[in-house]
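Order as written gives the chain letters A, B and C; numbering starts at 1 within each chain.
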Amino acid sequence: MIVKNDHKKIISPRILIYLMLTIGGITMVFPFIWMLSTSFKSSLEVLSAQISLIPERKKYIQVDGELEQVEFSVARELQKTLSIKEGKIIETFSRALPAQSRFKSDISNKFSLFRVRLEKYFHRFQSRAEISAALHKFGEDTVGKLPSLPSVRELPVNFRRQLRFELGDLGKQLEAVVTETTDSKDRLRVVILAGDKRGEGATVPLDEIIFKRFLWNNFKKAWQAAPFARYFINSIFISILVTIGQVVTSALAAYAFARMRFRFKEFLFLVLLATMMIPKQVILIPDYAIISWLGWVNTYYALIVPFIAAVFGIYFMRQHFETLPQDLFDAASIDGCGSFRTLFLIVLPISKSVILTVALFTFIMTWNSLLWPLVMTNTPEMRPLQVGLAVFNQESGTDWELLMAASTFSIMPLMIIFFIAQKQFIEGITRSGMKG
Amino acid sequence: MKKSISRIEPYLYILPAFAIIFVFLLLPMFYALLLSLFRWDMISPRQFVGLRNYWIICQDTDFWLSLFNTVIFSLGSIIFGLGLSLIVAVLLSKKIRGLGLYRTAFFIPYVASMTAIAIVWRWILQPRGLLNIILKSLFSLFHLNLPEIRWLQEPGWARVAIIIFVVWKTMGFNILIFLTRLLDINPSYYEAADIDGANAFAKFRYITWPLLMPTTLFLLTISTIFSFQMFIPVFILTPDGGPLKSTTTSVFYLYQTAFSNNLFGYACAIAYILFFIILALTLLQKKVLGKKAAYEE
Amino acid sequence: MKLLPNYQRSFKFILLIQLLFFLPFFGCSRRTVEKEKEGKIVVRFWHAMGGPLGEVLNSMIDEFNAAHPNWFIKSESMGSYNALKQKILASIVARNQPDLAQAYEAWISTLLGGDALVDLGKLDQNFQSELDDFFPVFIKDSIYNGKLMSLPFNKSVPVIYYNKDLFRRAGLDPEKPPRTWDEFRETCHRLTRDLDGDGEPDQWGYKFTDHATYFECLLKQNGGQLFDYEKQTMLFNSEDGVVALQYLVDLVRKYRVADFYLTGYQHQVDFAAQKVAMIVTSCVSRTFMKKQLNFDWGIAPLLKEKQRGTLVYGTNIIIFSRSSAEKQQVAWEFIKWFTSPINAARWSLRTNYVPVRKSALRLPVMEEEFRKNPDSLVPIRELDCAFFEPRFTQWLRVREYLGDAVKEALLGKSSPADALNKAVRKGELWLQ
């Protein structure tokens, strides 16, 4: 009766509840979607300040530092024009430039950009539509027919407009300097300069790398930008050893505290509980001193040994062991099992879920810790993933597509574990109340 | 033989755990106290300075600023974090469909590793990042022009940014704990209230809230301790401690003092002051709120 | 089946576990044994040079190794200066320090406190005569309590980078960058423009972020001092300092011809995007600028008010006292080789660090460089008026206070005098 009544009253707030929860839920999840979507974009699209979840077919050009979009068809047209091997382009370029040009000296210098220069007269244009049209027209001409003109730099600067096209993968960009010449009012010249953002030469044919939608290559680039493989191996190695160590030491100690009688038991357990109150930052410096004294700085020892025992695990397991029925132990004793065998053959097998919870949380805590390994390591080959990522964050400041790609593959392992062991996870948290 | 073995056996069981805990937890605790009386840069001979380090702390405005920041962050993340979590948890407890899906959505940020997801937020908080784009388009709906907020570059906004991030990151945990407790509440209480004709607010005020008190206290304590140990968000979002040290938390200050300036003795003194503050806060919360939490089910 | 009584067997198991458990404590050796190359004296050299600069350094080290078959300089990059410092300190505690390393002056002071460095003057008595060939500022910077504890390694000075295109557009002579404070302000004024008419300038005369550095240079230009070694007191809150800071504050707040960022390197990005006409940054950035800028630009010396004044950046090179005598000797030979005039010149040409020896300037390679790029002379000329920062161990912390003081004054949170006084007060806590 009452329930039915209730149902009627609530029906309109219900929609409100769902609405609020949905908005909230999207807010929580959106940063992840944004991360994933950014990691597939090109560096210019990243700068475009547009919310596009799926990388767009529209491509961006930079006009005097501001980004504008061009239609995909125009991009195609450009692609057609440039479907030549890079070696050929450099050649064209070298021929077309006057001897004193700075771009030319750049070619001879391996560290610098190489640039393509194609020249063509166009009619004056005012709007973006006109730019598009001009570029279309541009596409119809071939490279060979280019007239030789003075270098861009010799022209009056106030008429120069800069466009920047992207070439998709490999951080390549196509720069077009659209220059209005002074000799004739309605004539424009387009000089297109293709160069690698980081100044590395590449031998990939241009038409293969222009205008892909999803830039999977970002992941490869991010993976190679820092020794992430090593970071992963370190993290896995450290986390697994710490987890095994902690489960073993916790099981032993918890078993003793739960099932054995000995002097000072209560006192020792109290000491153990008291250490839970010690904040990590208090012991960081003396531990650093101890570890430097042991000569362990920048070794696996410093990252593993201090963590192979923790009060949390002992406490958690003890609670469980205490709930086991006494009959079990009596039976084992009658069968002639020593306490060690009882622990391993009887207690542990029936405590799988507790052990799993402790292991899961130890693994996650170790995997996620930053401050300790940051302080204790100082070379790339010893860094675990989180520290490597933090260093990458500082070193590659604004390469957002790479940072997001790196964040994505760093987040993935734990996400997968979470979705596999969701139940264990949530149960463990509600029972133990762990945070951070 | 058998007897003597069984007498020392329990100690052997607890030895590994205790050895580690003693060497890396208990001993350092006292070692830190000792070090806090010295001026020490790790390589020069230790120089006993008595309580001078503590005296310097009293005058070190940067330390007090970092403490102030820490308090701001914990207040911000507790008020907004717990408040929002409670609202969401109450909504989730209304026997809604797709509970699992919603719960997972709210819980995901908590699962993601702090370092990686903080990098994502550094990107979101850029001047031309996602947050500004969204805010700008929201404002333009009402024909308002919003100037570009430099989230991580202005002292005030940088603090707000850190709080937003921390609330977002830890909400899932708070919601989960609240929700578990809410679902445990015996429905007969509400049924009784319905018979008395109580409205939704009255039900929350007189049934839900008092019954949630122990949970709230627990979360409050944990959140406070968490805020006082906060390091990663600051280190990733503002690697240099923020504009005018506005996001430098106490732990971050400790880290800088020890590992950038090599003032290890001084850093130990800071650590001890922090330890006592956390201890005092925990006890205070227990005392003040403990009374209210007394009437559990 | 049961070979042993249960209790005993159980006991053995747990003993075994203990043994496995404590193995790492006893089993590991504290020092890693250096793999010595057959018959060679190996010298470990820790530095922080990565990227293109690291490549140049390594190629020079390879050259040295090839020329000396019995010696081997093992180059190990620590990635960043902070990592290098941490690693050096930790290694000294653990007694596995390198033989040779790059170090900032304040670190050298710390290391001296632990008696960790070799007096280079004692290592080679004959070198005394060559010291006169180094630029005096570098040698002064290397002498601690009358002993030569280091030699200059990678040294640079800040210079003004300016956009000649923007100068032309504003009707200024691109070959005449500002020389004095007044000229600088006037130039900034001409270059600051509101292009889109929203009342906010979009093109600035000057932008900066590294607040302590710029203030220190202005202070020096105004005849002020940072620190008095005799009396162990800070001097930057003197009248000269207040005037210098007021000048900077006025550029931003009164005349509105300069802008600043509290953190980051955005000013360089803005310079590349032509949103600012002048910035000050290290002369080493020329390599980067040459690649990135697609407009006409030049470099100019810092300003002159009562006098010229610029700050020396970069590290020195040191040898550790715990290394064996023969390793110290090899390390010293490497330093001598690296700082010899020809190698100083080559290092400078390839990295844009300044050459540390005077005679390097007269070498044909350098003379040709000056003929081709007259700009290359700008940083070198600055060495006459260059100074180095205080070297006491906590200077880097005080430097931070100084940076904060400048920021506070720029934000209008306190007057220049108050801000500087506060920084001095905070700094004095760390002097004792």
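Note that contacts are C-beta pairs under 8 Å (C-beta built on N, C-alpha and C of every residue); 3 or more make two chains touch, one makes a residue touch a chain.
What you see is a predicted model; the values in this text were computed from it and never measured.
If the chains shown are joined wherever they touch, the resulting network links each chain directly to all the rest.
The most distant chain from chain B, with centres taken as the mean of CA atoms, is C. Here the chain at the heart of the structure, going by C-alpha means, is A.
Chain B and chain C have CA centres that are 37 Å apart.
Once the centre of each chain is set as its mean CA position, chain A and chain C turn out to be 31 Å apart.
In this assembly, the C-alpha centroid of chain A lies 24 Å from the C-alpha centroid of chain B. Within chain C, the positions touching two or more other chains are listed as 7-8, 10-11, 14, 17, 21, 86, 90, 93, 264. Chain contacts: chain B has residues 9, 13, 16, 19, 42, 259 touching two or more partner chains. Touching of two or more other chains is recorded for residues 248-249, 252, 289, 292, 305, 308, 339 of chain A. Of all residues in chain B, only 7, 9-11, 13-14, 16-21, 23-29, 31-32, 35, 42, 88, 91-92, 94, 96, 101-109, 111-117, 119-124, 126, 128, 130, 133-134, 168, 170-173, 176-177, 180, 191, 194-195, 218, 222-223, 225-226, 228-229, 231-232, 235-236, 239, 250-251, 254-255, 258-259, 264, 267-268, 271-272, 274-275, 278-279, 282 touch chain A in the complex they form. Partner chain B is touched in their complex by these residues of chain A: 2, 5-6, 10, 14, 17-18, 20-21, 24-29, 31-32, 34-35, 38, 47, 49-51, 248-250, 252-253, 255-257, 260-262, 265, 268, 271-272, 275, 277-290, 292, 305-306, 308-311, 314, 339, 367-368, 370-371, 374-375, 386, 389-390, 393-394, 400, 403-404, 406-407, 410-411, 414-415, 418, 422, 425-426, 429-430, 433, 435-436. Within the complex formed with chain C, the residues of chain B that make contact are 1-2, 5-6, 9, 12-13, 15-16, 19, 41-45, 56, 59-62, 153-155, 238, 240, 242-245, 259-263. On the chain C side of its complex with chain A, the touching residues are 2, 6-11, 13-14, 17, 21, 24-25, 28, 30-31, 52, 78-79, 83, 86-87, 90-91, 93-96, 165, 168-169, 264-265, 273-275, 290-291, 294-296.
On the side of chain A, the complex with chain C involves touching residues 65, 111-113, 153, 157-158, 162, 175, 177, 199, 245, 248-249, 252, 289, 292-298, 301, 305, 308, 336-341, 378-380, 391, 397.
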